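The next part holds the structures, each set out as structure tokens.
Two complexes come next, and they have one chain in common, chain A, joined by chain B in the first and chain C in the second.
Up next, the complex of A and B:
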């Protein structure tokens, strides 16, 4: 019994930071409709800034002052980000905003590395709260009790702000209908900035206040992200009580998980989430999000038409160059192009889902990594030959997509995006924690192609065949009646339903198909490297694909392929720099702001301007 | 006080306002009349800059509004009451009013909550109720009251009589007349003449996004053929 109570107290203490960060995310989303993917980064900044301030400021006053100041400092950084990065893209489609916040993640990662270095930082302990108190014989850290006591006050202050002040009234009004708030004379720009300050300050506060428990490290941005998504999804977007309850639920569960089922802690969180979503699709306290209700209409899309003669010739010429690459390219070039091809297939599969289906999946790595692990497991445990594995890997990934898609497609918009990401993290944690089978962090090694394909050139040709085949299949599907139905479902679900299209089913099939193609890419990947590690399932991998699709241009079919080639090519070059993330992040942000059509779209525009390509709309 | 000249507005590629021009004189109640889909709401929105005109000018108090953000337009003294009402359903009546509150403005009445509760006695009893608990008529009163909290000089009312009970329509008539005596200029839209006849001084009739008739109510009475051609019965 005493042990039980001590566990619950630890869980409650852990919930403290989680609640603050999740509440901030929820608040920002409510008003700006942006899922701030950089929220974890602000949390990380809060921890580092708090740490530095604690070194300077003495005593208990200094300690608590440092936490508050860290919150304010992070809030101010949030304001800078809001004004410079987000303001220009509020009217852009959702995906652009998300990619922009991802650029912010990269920038903050490298800046943090520059300022504080790569070493983990051990958090200072709170003056006067160093020891433990025995509760029925069980030791409970005093700081934990302090956190448990503080959190309700933070929640109360937040509640007061939201429920009782003019700012809070405006925030709640804007959450419902921000255009109307503007028409009543409220300058939304400053309201958004204010909310962003508050939300990021909460993240910073959370980061600083957990210092004595967790310290600071460079991975904490992504690590907290999954947890806050889960909290927000369980609690319901925009609900403070929901965020608190869910944070407590997750934290307590985690503590018990560590005590009783140590291998399953990460998985447990997702199981609870799925159960909650089955019963209440919009979370415990959430309500259905009506996405893009007022405003947010993108430019009308150009009709996607079958490739014209010129395009075909260009593609054929490109393929011919690739086919003859082994004649003039070094084996290094062949390996690089193999990498690029695999990545292009992966990106094209996401592009299909996103561009054609309008399904913004944030966890597409699940199927790439899933295919890769399926292949590795088949080879390692069943001695399956490569040829068969390359058939089974996409099937396995497709099956995973069928199951995950079934859950995720119950929701739409940001909830869908967060859920897909959460599931990718679930797969990642399965692989990571199930070390006996998957090798955990050490990965799985010694997975080589069949003899005939083991030569670099032979494998290059195999990859060329399968990737181009896969990409053509995706393209072909996009132009088939299925593709039209998918786009109809994307553009207006209701209209599509009225013409007899079962939109959910169509989307489900598309999700599975895209998953299978990503799985094929994953299978190829394993054989090209001879090994696979959990990072193929990581958030960063999913984001790689998202960025590529975005860089290439969402609205053009070639987007995924061109973007994939560009990123992989550039990555090989820029990762030689120490601070390449900073460069990439800034590039992404600039592209979002200045060339929102992506590479292909912008090239096409430039072509139209100088008269190389005829504008298809000019004719009509 | 308000002048539209040569306004063209589009939804995507569909043109909804077609070279629309008309004026509203200060201190008057003007009715913007037209059938379903004639473009009345779009006209209101392009005055508020919720829809931005591709061409043309919207002059208000000596300034061209086109391209200004809506909150600037509101700050100049234009109050907008949308057709769909768009009250904040999660907020209480008092909070809804708070969203609309703006500092006092020269040359306009400074409304307080109490004054508004006097104007709309039903709201007073329901001040702590949430928006979603209100009836259609009460919601309509609340939107008007909310906009008045911004102390406008000019009020845009999009179909104020739509979907509300006859008793409340009568109350609306009284309110609009009183607002006029307080010095407000009003542009209200309607599909038919009934409500307009009770409150308006002048009418503007549009069809297909183009002005078809402008004049006083008494003049319109001389031209039943215009009424029959452009208005719903």
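Up next, the complex of A and C:
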């Protein structure tokens, strides 16, 4: 019994920082609809700034003062980010802002490294709270008790702010219907800035308050990111009581997991999330999503049309150049283009799902990595020849997508996105944990192409053929009746249903098709690298593809491919610099601000303005 | 629409950018060095400084084979796929004669597989996984640093000398952690057949829930604890464990815990009395070790880490192998690695012909606090050769050869 209570106390203490950070994320999403990937970075900043302040400010007052000041400082940094980076892109398509926040992550990572150096920082102890108190014989750290006591006060203060003040009224109104709030004369820009301040300040507070339990390091931004997303989703997007309950639930379950199922540490959180979302599709306290009720933000999308003659000629010429690359390019140029082509196919498959289907998947790496692992397993355990593997990998990935799609498509919007992420993470932990078969994180190696394709040039041609073939097939599908049905389901499910389209089934097929194409890319990837590791299934890989699609332009057919080529090419060049993350981050932010329609969309607009391309709207 | 144009322009731009860098520095011997300079900055930084220190010394003495030695440093973002691409570039475009580098084992394994396929020589300097030279070993890959198996065996030997009967283990839930526990268990049970493992904890890497882990170990009431956690996980585990009295009256072993990379950040909260492997740079007395430490401190105004030593020895190994080969041809280098002897700060090491593992050992000692920071005392340097299987056994561990 005593052990049981001690465990619950540990869980409650762990929930403290998690709640603060997650509450901030939830607030920001609720009001601004921004999925703030950079939230972990603000948490990290809070820890580092808090640490530095604690070195200056003496005693207990200094310690607690430092935590508060760290929160304020991080909030102010958040305001700068909001005004400089996010404000210019509020009118962009939904979720486009997450690309900007990704740029912010990179910038903050390098700046933190510059300011605080590479070595991990051990957090200072809270004055007067060192050591333990024995509760029924079990040692409980004093600081844990302090955290358990403080958290409800923070939660209460937040509740008061939201429920009892004018700002809170506005925030709640904006969460429910921000267009109406704008129409009633509320200055939305400052409301958003205010909420961003509060949200990031909470992240900073969370980072500073956990210092005595650990410290600050350069990996903590990504390490907390999944956990807070899970908490926010379980609690219900935008719900503060939900976030509190979910943080406690996750933390306490985790403590029991550690004690009774020590191997469960990787998956537990995601299993809980899947179960909760199956029972309550909008989280514990979430409401059905209202985003998109008034249609998408920004101007309506143009109908897609087959490429004109000029475009076809240009593409053909470009393909010809690629086909002759081995004649004039070096061996490494072929390796690089092989890499880029594979990534373009992967990005194009996500683009199909996202652009044509309106289905935002946060876990698309599951099918890329799934295809890659299917290929690696077939080669390693069945000695399957490469040719057959390249056929089976997309089928395996497609099957995985059929199963996962069946579950995920019961939800929509951000909840759908988070469920796809959860499944990708489950697949990842399966591969990671099942070391006897998959090699765990030591991966599977020595998977090379058949003899005829083992030469760099031969494999380059194989990739060129399959990737371009796959991309053209995706493009062709978009123009087929199936593509029309899919876009109808995206734009207005109700009207589509009325005309006899089974929208769920159409989306399900699209999900499987996109998964299969990603699987093909994964299969090619394994043979180009000769090995595969669990990081091909990681969240970062899914985000890579997401960012590329948004960067290229969601509302254009070529977005995924162009974005993929641009980012991979830029990355290859920029990573040669010492502070490449800073450079890449700033580049991404600049592209986002200057080209809010994505690269392709903005180029097209610019082309129309100077008269290079005819504007189809002008004539109709 | 304009996608191919875009791609073409991009490739042209990259190619142009590269020819410029490639054209510089003609007549040097180039080594391709791939590492996670950003992702693991605290480890890769000292390693790179060790390399640069050795390079300065080598080139001041006239280089190798009559030419200056040059390292091309590239960041792989900690991504194996990226590392493979960079390896190709280093070998086919930049004219590197061999590859070296990596800390993360998975990246090391990816490069090693490429090395075998494309016939590039790869000296895995820092990755610890046993698989690099054994299960996945190949003719083109060699490893410098003492492996997981070797270091775990050293600690098992120390553990067997104690009275402890029941053991708990805590290791990050990934390949390195699992290997480290398995190797320790096997080695300990050989020396002490009645040893019993009463708890095995597997926190997620860098996401440890330290309070819960400490409670779980305490509940098993072991005589001894074998720790494999490192970095921020170690800091949190030590803090919670000390607070809750977990380490009181228990024997604690820490794999790598004595390395400055891990011990330094703990400052005055470094655990006392742990039996660890590490690098006591502050205590070395013999000429070779001392000379390296002094030169390093004079150059960088900072003390060396274990990574610095490995970086320094990487260059020494490469110089030795090039001189023995008398050429920069891949096959000549590969053959010269067989039973190559290298004189290093820790004494002479040998790259074993049987399994391509160098006999670099490790320092084993006890931790204590001195002047507000953790140090190792009562340490000895254990020769790696004593903790490796015999050449015949090692051959059997390499199914691919």
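Please note the rule applied: the second predicted complex is superposed on the first by the 604 of 620 C-alpha atoms of A that agree within 3 Å, B and C clash if a C-alpha of one lies under 4 Å from a C-alpha of the other, contacts with A are read in each partner's own complex, and residues count from 1 in each chain.
By definition in this document, a residue touches a chain if its C-beta (ideal position, glycine included) is under 8 Å from a C-beta of that chain, and two chains touch if they have at least 3 such contacts.
Only a predicted model underlies this, so the values are computations on that prediction, with no experimental measurement involved.
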| item | value |
| --- | --- |
| Touched partner set for A:180, first chain B, second chain C, both or neither | first |
| Chain B versus chain C as contact partner of A:120, first or second or both or neither | second |
| Touched partner set for A:170, first chain B, second chain C, both or neither | first |
| Chain A: partner with more touched residues, chain B or chain C | C |
| Touched partner set for A:188, first chain B, second chain C, both or neither | first |
| Where chain A meets both chain C and chain B, residue numbers | none |
| Of all residues in chain A, those that touch chain C in their complex | 3, 6-7, 10-11, 13-14, 109-110, 113, 118-122, 130-132, 138-139, 141, 144, 213-215, 217-220, 223, 227, 251, 254-255, 258-259, 262-263, 265-266, 307, 311, 314-315, 317-319, 321-322, 325, 329-333, 335-337, 339-340, 432-433, 435, 439-443, 445-446, 448, 454, 456, 525, 529-531, 533, 535-536, 558, 561-562, 565-566, 569-570, 572-573, 575-576, 580-581, 600, 603 |
| Residue ranges of chain A in contact with chain B within the complex | 166, 169-170, 172-173, 175-177, 179-188, 297, 300 |
| Residue numbers on chain C that touch chain A, as the complex places them | 1-8, 10-11, 13-15, 17, 21, 38-39, 41-42, 45, 74-75, 77, 79-82, 84-85, 88-89, 92-93, 105-106, 109-110, 112-114, 116-117, 129, 131, 136, 173-175, 178, 199-204, 206-207, 209-213, 215-216, 219, 231-232, 235-236, 239-240, 243-245, 264-267, 269, 400 |
| Of all residues in chain B, those that touch chain A in their complex | 12-13, 48, 50, 69-71, 73-75, 80, 82, 86, 88-91, 95-96, 98-102, 146-147, 150 |
